[in-house]
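Two complexes follow with subunit A in common, the first pairing it with subunit B and the second with subunit C.
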Partner chain A sequence: MILRHPVLYIILAFAAIMVWLPLHGNNVSLREDLILVAIAVILASNLNLMIGYTGYVNFGHIVFYGLGGYIGLYLAAEKGWNLVLAALLAGVGVSLFALVLGLGILRLRGAYFALATIGILVAVQSFVANFDPWGRSTGLYVSFDAYEKLGGARHALWVTYFLVIAVMALSMILSLGIKMSKFGLGLFAIREDEGAAVVLGVNTTVYKAIIYSVSAFLPAVAGALMFYKNGMIDPSIAFEFMLSLEGIVMLMLGGKGTVIGAALGGGLYEKLRSYLLTSPKLSNFHLVIAGGLLLVVVLFAPGGLIGWLYKAVPRSRKVLE
Partner chain B sequence: MKRLVLTIFVLSTLFVTAGFAQNLTVGFTVSKTGALNVDSLEQYRGFELWRDQVNAAGGIKAGGKNYKIQFVSYDDESNTKRVQQLYSRMVLQDNADFLFSPYSSSLTATAAIVTEQYGKIMLTTGAAEGKTYTLGNHYLFQMFTPGAEYLKGTLDALKAKDPKATIALVYEDASFSVAVVNPAKAYAQQLGLNVVFTEAYAPNTTDFSAIIDKVIASKAAVLLGGGHYADGSTLAKQLYEHKVPLKMITLLVAPDSDKWTELGDSAVGVMVPSQWEPQTAFKAQYGLSGADFAKAYTAKYNAPPSYESAGGYACGLVLQRAIEQAGGPDTAKVAAALNATDITTFYGRTKFSTAANEHGLQIGHAMVLAQWQKDKSGLVKQVVWPLAAKSANLVYPIH
Partner chain C sequence: MMPLLEVSGITKRFGGLLAVSDVGFTVGEREILGLIGPNGAGKTTLFNLVNGVIKPDKGTVKFCGQDITSHPPNEVVHLGLARTHQIVKPLHGMSVLENVIVGACFGRDYLHLRPARKVAMEVLERVNLADHSDKAASSLTIAGKKRLEVARALAANPKLLLLDEVLAGLNPTEIEYMIGIVRGIRDSGISVFMIEHVMQAIMSLSDRLVVLSFGQKLAEGTPLEVARDPQVIEAYLGDPDIATKLKEKN
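Moving on, here comes the complex of A and B:
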């Protein structure tokens, strides 16, 4: 039962702290830092469903975030829809798109699948850059007046923050729920030996397509919220390959295949990058230091931080999923 | 007794001076890393030179006080993701009094959401896209002539030289170049010029052979377009290698760089719409002359200033004048002074729209058209349009 699992309460406590911290003393600057942490956790957690649980490396995961951003921004800013409704519809739309796509490309394995995901990213970016209703390569902008519906820009940014935190908590709960389910067991079987999983009766094609689609839903919702908050979107920002790669780095850092590891990796990576970027002494070397630290983790703790913790404190394996 | 009086005098002088010397913090992000690094750095140098000169002269004098300028800036990594985080930080933690924009239209549009939210004035430079100003802002002020105006000078010059010339529009499929080319196409039609070929290419394109074949097939005599340095310089080289019989080539941004001379013969005759050139001898009503700016800049950075650098310096100059006129750094008063600004500096005229539907849009500044021409000393960039500002005659046709 998920309700009895301690990780659920760790997730809820984490989300509550994320809400309370900036709210206490109306610390908007902290809120802006934490929203990026939350986005990193969302991206890493959902990417973990593919890489960590199923063993399929998705280099184009950011396509879901960008497409969600476009659909959400188009509906909320151009068509005047309610933001929550627009974000949910963006999630549903992108999930359906991923399901159809997944049934096709998930027949590929290993490096071929990874290459196909890069191809999808490039193809979607090119399509959007030539799609008139979404402003082609110029993109879409949110009018300052559009925030009035949420009580003005100041209030709107708080609302989007709380919604992003909710999506973050849901991402982690979803990861936990899947990990504890029979469906999750099927995914792990695919990860360990896909051929053996087929023999054991796992419908691997359907399982993979479903998880591919599920892993698209919450990043798409988050994309809709985040780009609405940012006030603009264009193809180069929405489908940034670098962000896809960073998602994989976050997973390696925290420990792929674990709920807490993915979130920890996402959160820590973002905090580290933010700190280095704004540190007066280190800002000129921020990329070098970030790269060096990651190299150390990969070399000396290949299971990520959670893998290292499992080794150091074996009992933690029973508590932390 | 005498000693006591002297001591009190010295101490009170020190106290008064210390009381008057205040700091004003100006915040902005710089793309120290990422694709926008080169242009962003040139813009930053413009800011920096302005700050150093103001502080060396004792600061901004307003309302009987002196204000020294200090900067707070961070690396935005040429990425919109970081911009709101960093601008919020500058407003809330670093207590920036005024803000300058990042480099590029998309980064500026993202920063504007934050600056508007906190009612902070942001002077924008290096951001020509006009859309941001039509979204209902109150505190944005644009220094660059908007994108829609970029190719107007070329088209006017073409209308005057050869109204029957056929035009090909070949441009990078990116937000800035699209924002420039679409209005240019409409303006060409308005002038009765004949656009015979239009094609956008993907950013980072390195092989233009297929597009060049199409340009040749279209029998276009003039090619307008480009995007940024890498694609623009490659396009110019390949047009020359394919011996395309063009009478006029105008490319965006790339030919403004002093690196353009490295292209050799393919650089000759190519034109670039420019926000400012050292030859544009505007009679400055305020601040230093263009020649003095170019001299100081070259002395400090050992490189000639680009129009991004000039935009950066002018940004500071216009803010400085507004603070002086407002009698201090009060946001509402400085915003009112900026709204009333109509001034000619070394950079040209600056006037901001006060219409509610396009507040802050630059409506005073005019661009010039520069052409790379050969003279005895080698390749030189000359201002050829408008005629009132020309430093040499337009070379047409170039081949």
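Moving on, here comes the complex of A and C:
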């Protein structure tokens, strides 16, 4: 039972701390830092469902986040929808899109699948850049008075922060729930040997399409919230290939296949990145460092930080998923 | 009585190679049917055709009276037809127990995790792997991995089990042990269709044998009948006159 799992309480405690830290002392700049950490955790956790659980490397995961941002911002800012409703609909819409797409491209294996995911990212980006209702390459903006519904801009920023933290906690709980379920077991079987999995009775086609679709939902919701908070979206910031790659770095760093590892990698990497970006000497080098980090992890610690911890303290394997 | 498995006219071509050609046979309830033939004869391909890993060019497969030709493997195992792999396919990163739980979860009974775990433990006892249940599947010896293949397939609670060279690579003690397992499986009411190169074992285990050579069915019958068939002896020993020579000797 998930309710008796220690990791559930670690997740809840983590979310509570994330809420308390900026709220205590009304620290707005800390809040802006932490929302990026939360987004990183959301992206890494959901990417983990594909890479870590199912063994399919998705290089275009960010497409869900960007599309969610567009749908959410369009509904909330242009059509005047309630933000939560707009974000949920963005999640549902993007998930359905992923389901249909997944049934097609998940026939491909290994490098071919990975290449296809890059193709999707590029295709969606150019489609959106030419899509009139979404403002083509200039994108969409949130007019200032749209925030009035959330009690003004200042208040709206806090509301979106709490919502993003909730999505972060949900992402981790979803990862934990799937890991403990029969569905998760089927995914792991696919990851280990897809040919064996189907002979053992796993409906690999359906399982892969479902997890691809599920892994799209919360990033899309988060994208809707985040871009609404930022007040604007355009095709180059919504579908940033680099962010997609960095998601993979986060996951590898923390330890793919584990709930805690994905979150840890996401959080740590984001802290490192913002440090590098704000440091005048290193700001141009953050991608170099990301690449180097990925190389080191893949070569020397393929299990990431959590894998290393499992080895150092074997008992941790039983507690930390 | 209706046979459990009924294969007729099954044919598969790989490019220019006729891997399986117009093969037909049946497996009855509580029967052990052996499948022998030289390397490359098409035995594993025949298994792949039966459980849907590959689709035949021609022919049909019926299981329990139902046409399952070209049904995907996951559907075939739900109906109660499980198999092992000649080249073992353990789910490396998972424990031995988890491997078998997968078999129980997605097999004929489509169990939930908890009952699946119970079934998996029982099956591991049956193949004497219970002491290794927490180990990583990749850490097992080849004999252990073969038993894991059998355990996973058994956990599906099949009516018919296809075993692809489960004795290959085992030492005499391990072979003896595995033969006992196979007998036990049949005694528990499961039919077995098995490919084997270890002649002594297959001769003593099988109720009937099918011989395959260059994709074609060469002979079929009791082990004794098959062993006396001149065509079979020729296929195995490569000497067209060997049969007559043997006859002369007797």
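In this section, the second predicted complex is superposed on the first by the 298 of 321 C-alpha atoms of A that agree within 3 Å, B and C clash if a C-alpha of one lies under 4 Å from a C-alpha of the other, contacts with A are read in each partner's own complex, and residues count from 1 in each chain.
Rule of thumb we're sticking to: a contact is a pair of C-beta atoms (placed from the backbone, for glycine too) under 8 Å apart; a residue touches a chain by one contact, two chains touch by 3 or more.
Everything numeric here is computed off the predicted structure, so don't read it as measured data.
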Between subunit B (first) and subunit C (second), which does A:33 come into contact with in this model arrangement: first, second, both, or neither?
first
Regarding the shared-chain residue A:185, is it in contact with subunit B (first), subunit C (second), both, or neither?
second
By residue count, which of the two partners contacts subunit A more extensively, subunit B or subunit C?
B
State whether A:141 touches subunit B only (first), subunit C only (second), both chains, or neither.
first
Which partner does A:19 reach: the first (subunit B), the second (subunit C), both, or neither?
neither
May I ask you to decide whether A:198 touches subunit B, subunit C, both, or neither, giving the answer as first, second, both or neither?
second
Between subunit B and subunit C, whom does A:237 touch in the aligned arrangement: first, second, both, or neither?
first
Of the residues on subunit A, which ones does subunit B touch that subunit C also touches?
none
Subunit A residues touching subunit C - in the complex, by the definition given at the top
181-182, 185-186, 188-189, 191-193, 195-204
Residue numbers on subunit A that touch subunit B, as the complex places them:
27-29, 31-33, 35-36, 126, 129-130, 136-139, 141-145, 153-154, 157, 229-232, 234, 236-237, 240, 243, 274, 277-278, 283-284, 286-287
Taking the complex as given, what residues does subunit B use to touch subunit A?
32-33, 74-75, 77, 79-82, 84-86, 88-89, 92-93, 106, 109-110, 112-113, 116-117, 129, 131-132, 135-137, 173-175, 178-179, 200, 202-203
Per the touch rule above, subunit C residues touching subunit A in the complex are 51, 53, 72-74, 77-78, 83, 85, 89-94, 98, 101-103, 105-107, 110, 112-113, 116, 152, 156
